[in-house]
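Next up: some structures, all given as structure tokens.
Look for chain A in each of the two complexes below; its partner is chain B in the first and chain C in the second.
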Partner chain A sequence: MNNWHEIDPMWAWEPFSPPGGKLTREHVAHLHRRTCLGATISQIEMGTQRSVTELVDELIRPLPEANSTDPLAQATLATGNARKLSAWWVYRLLTTDAPCREVMTLFWHGHFATSADKVTNVNLMYRQNELLREYAFEDFGKLVQEISHDSAMLIYLDSVTNRKAHPNENYAREVMELFCLGEGNYTETDIRELARCFTGWEVRREKFRFNRYQHDSGEKTVFGKTGPWTGEQGVDIVLEQAALPRFLVSKLIHYFLADEVDIPEKLIEPLAKQLRDDGLQIGPTLKRLLSSNLFFSKSCVAAKVRSPVTFAIGLLRSLEGTADTIALAEGVGDLGQDLFFPPNVKGWDGGRAWINSSTLLARANLIRRLLDHENTRFAKGSLAELASSLDRRTGTDVINWWEATLLATPLRSDVREQLVSTIENGSGNRDARLRDALHLFCALPEYQLA
Partner chain B sequence: MTTRRTFLKAAPSLLTLGAMSPRFWLQAAESSGSNSDGRILVVVQLSGGNDGLNTVIPFDRDEYRKARPTLAVPKDDVLKMEDHWGFHPEMTGFADLYQNGQLSIVQGVGYPNPNRSHFESMDIWHSCTRQKNRRSEGWLGRCAAECLSAADVPAIHLGQEQQPLALSSTRLAVPSIKSLDQFCLQGAPTEKLAMAVESPPAVENGLLSFVQSSTSTALRVSERIQQQAKSYQSTVEYPDSQLAQKLKAIAGLVHADLGTRIYYVQLDGFDTHSQQAGAHSGLLRQWTGAVAAFLKDLESHQLDDRVTVMSFSEFGRRLEENASEGTDHGAAAPLFLAGKQLNSGLIGELPSLTDLDQGDLKFQIDFRQVYASLLEDWLGCDSARILGKDYKKIPVFHKT
Partner chain C sequence: MSHPPSRSSFLILILLLGTPTVCQAAPREIASPAEVLPGSVVLYAEVGEPVALGETLAKHPIVTQAKALPAWKKLSTSPDFAKGMVGLAMVEFKLGMTWQKALTKMTAQGLTFAIDAESKGAMIFAHAQDEELLTKIRETFLEMARADAKGKGKPDPIKTVDYRGVTVYQAKDFGFVQLGEWLLIGNHGELGKKVLDRILDDDGDSLAETETFQMACSGREESPLATAWGYLNLAAVRRKNPDHDIFQGKVDDPPGEILLGGVIETLGKADVVTAELYPSATGISLDVAMPFDPETVSEARAHYFGPQGQGMAAPALAVPGVIASVSTYRNFSEMWLRAGELFPERVVDKMIEAESNLTTLFSGRDFGEEVLGSLGPQVQVLVAQQQYGTDGQPVPEIKLPAFALVFPMKEPEQTWSDLRRNFQNLIGFLNVTGAQNGNPQLDLLQEQTDDGEIVSAMYVRPTDEDSEDPVSIHYNFSPTVASANGLFVLSSTRQLAATILSAEPVDAAESDVGTNTTITLQVPQLRTILIQNIEQLIAQNMLEKGHTRQEAENEVTTLLDLLGLLDHGSLTLRTTADELLFQFGLDAKQVEEERDE
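Right after this comes the complex of A and B.
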């Protein structure tokens, strides 16, 4: 990858204006791959008629007024089965008309990683998921306060047993290290003192409860501030730290722009300042990131490894696909991204960590299973029917369509010929040949990148 | 042992992958050479708390019979190994291993202030830390990331269960494999895919090159395992149990020379609070029969000097049986190491049945001492970096 230290920060975060004044299909597809789990060819073509600002405003829009409850979620919760909850989220990821909010919810799920394996209560896992969704683009400070009172989180990080005589440092540590500041931006004393602020926090009947008899009401000194702080006040002190916006911005850059860059301080600083000035509102900073010169530059295109979700659900969304959600959730889990079951408190590392022999073979095998599964549909029909309805007659037409919607980096010409020949001269009927070609396409190294 | 030469001899099968660049050949042959030197640790987790006293039985102790009016194994049924102890009668597999000098029994393994919750104690064994500390990594996950990361897939968990914390790492993902099919490319794009990864991509991109070389490794793995499924013949008859089938699959993977250094499997059901006798017999038979067949199989392929099997449980059980002809959660228990390179025999003393810790056997050897010995003397890793401090090793391996 190229060196980010040579990038001019002024240029980097200025709004992108496409050469010739018009976005290309590549630009629009890039934006959608990163923020919406992909887009169909017609969504991409329509996008080229609009400006970057319009597209990004459309992505990061406020949550619609809470309407009726989600009946599928209610039915899922009634089963008490966290595996079904995982399938519920997969269904939502596949069908939502606000995909960017889901992508951001997934970001927070990794950030505030909590596993149903330990929490063992689907209601609490669901409630946390809704919380992350509600605050996806909103006030980060409020989100941290809310998550600190969240029952699933309290159980996951052992705060349910936080007694005055034995403060549990687990949550205090994670608030600083993983949620807000990053390693090296606090001392062990800060952790011990913050842990004292959280004493007396409990979960009773699935709800947060403050037990004043177990709360240590003495004076604590957190980041040099002394007082009889409560847990909420302790969190507020953490939220004031200068390291916070820098930590978050760099995490957002890795999530949305590029996996493995060493981001120089001078690139982080302008956005960190904005995030602080906006009162830690995530939306405006995210809009600036996604409409920037840097986002659309060569340094960022094809600079991310597809997560299992973007790999499988991205494919289906781009081809108007639907599938058996239980099988799909399990498949995505086999690839290493088990929704509601993150591997540890750090969530998913992403990037190269997604890739090894076992996951690559599992990726290819998952696509084969999906393509052969009777419940998999493309625009409610077969893959061949979808291709015909889009007037993709020849093998070349089909590969051009897939390349434009699915690939961040071009195909080699000999590989393209192989794919075309699979469609034109392979075995079986046209639909079987298309499925064989799509299977091969999704196993290609090129498709593993976003 | 698979040498470079036998790999090259087996190589024509790889020609089905299509024309390959010389670089590919070199990498394959070289990595095969280095893997052959790699020693392998297979961990068998006995979940639920195995009753150590009815496993390694102090048959001539009155306290044992007194504490277990219904559960004590009759003296005549015990498979007597030495003067004062013997195995449960279902453990004929281990009796054979012991007599062949391939079994090392570490006595009284545990840790200070034992926790009697399954989850908590298992987490302690997995992460080597108590609850007040954060546990994002397990000892084997840390070992894989710190010391074995040169391997393509340093560790594998084989089974349907949730991946054990022991294998977690924040730096690398250890795959959980439900069956070997997952390691074989389904459908038939192998040749075309091999072609697609053999020459450089259309554009220069570090990530793309990485995925491309990983894909070529993956194809090689898939090809080897498919080949293996056809060519691997086991003359040893494995018992008909899930654990045995898993270990058989691992024998195939070891033979395929995958380069994986750690394999992890589990056998559940040891939480025998009531009507223990029948259930425990069955479990002991399953466990020891499978491990014995596995080692025999490895021996017949001359792979036995590369593999050590460790079997452990999160705790033992109380000395006294309970009112339901079962036993409740206890503390220290024996741990078993099987393999050819071990100092066979009993390590440590038989536990005292009179000097107890709240009715439980006291520990003599910290489980982390066993880990340190395995890490240093078997896997060749710096144990202090992985375990967080220096634990005194115990002499389980032959001096090499």
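Right after this comes the complex of A and C.
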């Protein structure tokens, strides 16, 4: 991996100008893999006819005004089963026409991690999920205020037991450490004082309630500011801290550009300044990040490990696939990304933590199960039918198609030959051979990278 | 029971066919397939009048109505269907008649199917209208199969060999011969050879000569036309699989024992099972019978059949809106107390553990002996539609049917007093645990009615009535116990319990003698409840199959349309002095007749 300390920040965040003036299929596929869980070959082809700005504007678009009720979500909530809710989200990830907003919702789900294991009420989990979706590209300050009042979060981080006599510091600590500032940017005193601001915040009948009898209305000093702060005022003080935009930009770079790189301050600072200047609106900063030279550079291509969601759902989205989402949600959970059930308050570690000897085997097994499942369809038919409809007749045609849509790095020639041979000389009918080859394809190290 | 036929079996036949020591003889007339099939045949089924059966099925209201469904119309206009129809048209052109007519004539005098235990092969006998017609059909088939293979550059798919003067046609997975008006199709060379040898030599054991087959035939009633009859040599199957669970007489768990315990025991003793199929203009029914001796029922299974096998179900209660009902004879107390004889050790351990907890719940009374023992064995289960919104309760998003268990009480006054108190304790306990889990609380109500007494628990209305969240599934339930006329009712809703108490008692004389169990299903009511939950069905279809909403709606609608063709189904288990009889029936809705009227 390149040394990020040598990257010129001016160049890094300049809008990307593709050589020759036109985006290549590789550029478009890269953008879609990172922001949309992948794209079909026709979406990639169409993308090459447009500019980076047009593509990114299309991805980061506002929510439609009339956001109608989702009947599938309502029917799922009626079951009271959080596992079904997980399947509902997988269905949405597979079928949405605003995939970037879903990818961002997934980012916030890991950021403001809350687990149905502890919350147990699916209605609350769904409401939080909708909140994250609504604010995906919007005002981060408002999102933090909203999430602070969110019933699922209050239950998950024990705010409901935060009484005047015995302040519970869990939520105050996570607001600073995990949600807004990062480690080293606050003191234990700040935590204790902020916890006092949140006293009396409760959940009654699934809704936030302020219990003034349990609220500590005395003066508190948070980050040097003294006053009889309420919880909302305490959050505002945290939002004012200079570390906040730097912390967020750093997380966004790791999520969208490259896992586990040491990002120098000089690269973070320009975006942090923009985020602050934009009043903590996420959208503009994200647009700049995704249309930058750095995003399309070698430093970022194939610099991320596919999460279980991008691994399995990305495959299906790229090949117009649909599947049994209940089984798929369970499969993705088995690989370590159990939607609505993050492992702890820190969310998923991501990056290389997704991969070890057991998850690699489990990844291959999941793809096998997925491909053999009677309810897995590609463009409403078999894989062979999809290949035929795209005029991918030979083994080489097929591998070229998969390489263009699914891989961030080129295939080695010996591997390519083996895959072509599986399609042309393997056992079973053409569809069985294609499924065998796709199974092998998804087990390749190259496919584990996004 | 039977294994898939070996692909190499026909190689064996080829070798056998080539054996020079086998002498040739003229084939004799086949009087009945049972006379030429070997005695080792374990499954035998015949349709005496396939033409009438075919016509009955073709004109059957279910088939007629199914053809009117949008899903059928869509299928019949699909490209694949059209391709198939073109192929069929070519066959019809060659034959000079429709395929239905050809099939009818080919099987005009009967159709028989058999499976042989020794060779694990299967054979079909088709008895055609006349030899000339059968020859024409055979030749057309051979001509078209060979022409198709030739067109695709493939070798001849049908080989012709001679076996003792009989021409045998061999394809990849099957072979056939024509003997006059008979067409014999088989998938195993060894079985084919045995049959041909019997036809040629009239030598060796035949199925018709075996004692079990003769026993089965002796019980065969004079059946109406268009009836299929089947026979299974259970003794032979048992000899081949002596260790199979089904012949060991033990069931793994109490629900399995309640459902099938007595049947499993009978299967372990019976030598033969026979079945008869009666399609009619309004539906279809199937009778399955096996020998049964009430005197030999083990003591452990007295809970199932009653003492000396005389246990009878009570006449089913006539409850309006019922979806399904079960009326049966089961002595739960006796089954519980004899658990050690009926179940494996691990199940018995769990039952002992459960008994300890249940004894606490039932105020220290022994669950098996005193609680279950206070109830009679004529048990009824009722599943019925609910009326929502009549009791001021919110309407749940998922609508479940109400269900109830009805037991006679041996000492009604004392038993009702005990069970009512236990129920009140249980509701108190549920309220405590419900409060801990954030579930709605239950209000206990006690009321006297004209018919008896009802103690019910209603969920408290939600405080936030304006919430957009779906109304909880809890509001399907108002747990209730009730008592009247010596009956104890445990119901999921107060509404159903009250309906049961006021249900007209059915005259005991109407009860069928020897009926151990009757299960009924009212399909229109079942369909209604599915329609009430259509959003759930669509959502489940979308999540499980990855369908779009439109695709899911189409599938669910097709399912509902198909259910709309049916009226009711029933399953009855009867015992007589020498027979255990299952009677299954399914009736179609009489839409066509109504239209005609």
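Quick notes on this structure:
Quick note on the criterion: the second predicted complex is superposed on the first by the 448 of 450 C-alpha atoms of A that agree within 3 Å, B and C clash if a C-alpha of one lies under 4 Å from a C-alpha of the other, contacts with A are read in each partner's own complex, and residues count from 1 in each chain.
Following the convention adopted for this analysis, a residue touches a chain if its C-beta (ideal position, glycine included) is under 8 Å from a C-beta of that chain, and two chains touch if they have at least 3 such contacts.
Remember, predicted model here, so these are calculated numbers, not experimental data.
Of the two partner chains placed by the overlay, only chain B lies in contact with A:Ser358; chain C stays clear of it. In the superposition on chain A, A:Ala323 contacts chain C only, with no contact to chain B. Residue contacts after overlaying the shared chain place A:Leu390 against neither chain B nor chain C.
Which of chain B and chain C touches more residues of chain A: that partner is B.
Once the two complexes are overlaid on the shared chain, A:Leu94 sits against chain C while remaining clear of chain B.
Residue contacts after overlaying the shared chain place A:Gly80 against chain C, while chain B stays out of touching range.
Contacts of A:Ala243 after superposition on the shared chain: neither chain B nor chain C is touched.
Using the contact criterion defined above for the overlaid structures, shared-chain residue A:Gln448 touches chain B, although it does not reach chain C. Those residues of chain A lying in contact with chain B across their complex are 1, 117, 158, 168-170, 173-174, 259-260, 302-305, 334, 336, 341, 343-346, 349, 352-362, 364-365, 368-369, 409-415, 418, 422, 436, 439-440, 443-446, 448-449. Of all the residues in chain A, the ones that touch chain C in their complex are 69, 71-72, 74-80, 84, 87-88, 91, 94-95, 120-121, 123, 205-207, 321-326, 375-377. Put simply, chain C touches chain A in their complex at residues 396-398, 437-438, 463-464, 467-470, 472-473, 535-536, 538-539, 542-549.
Note for the complex: chain B touches chain A at residues 131-137, 152-153, 156, 162-163, 168, 170-173, 175, 177-178, 181-187, 189, 192-193, 195-197, 199, 201-203, 205-208, 210-212, 214-215, 217-218, 221-222.
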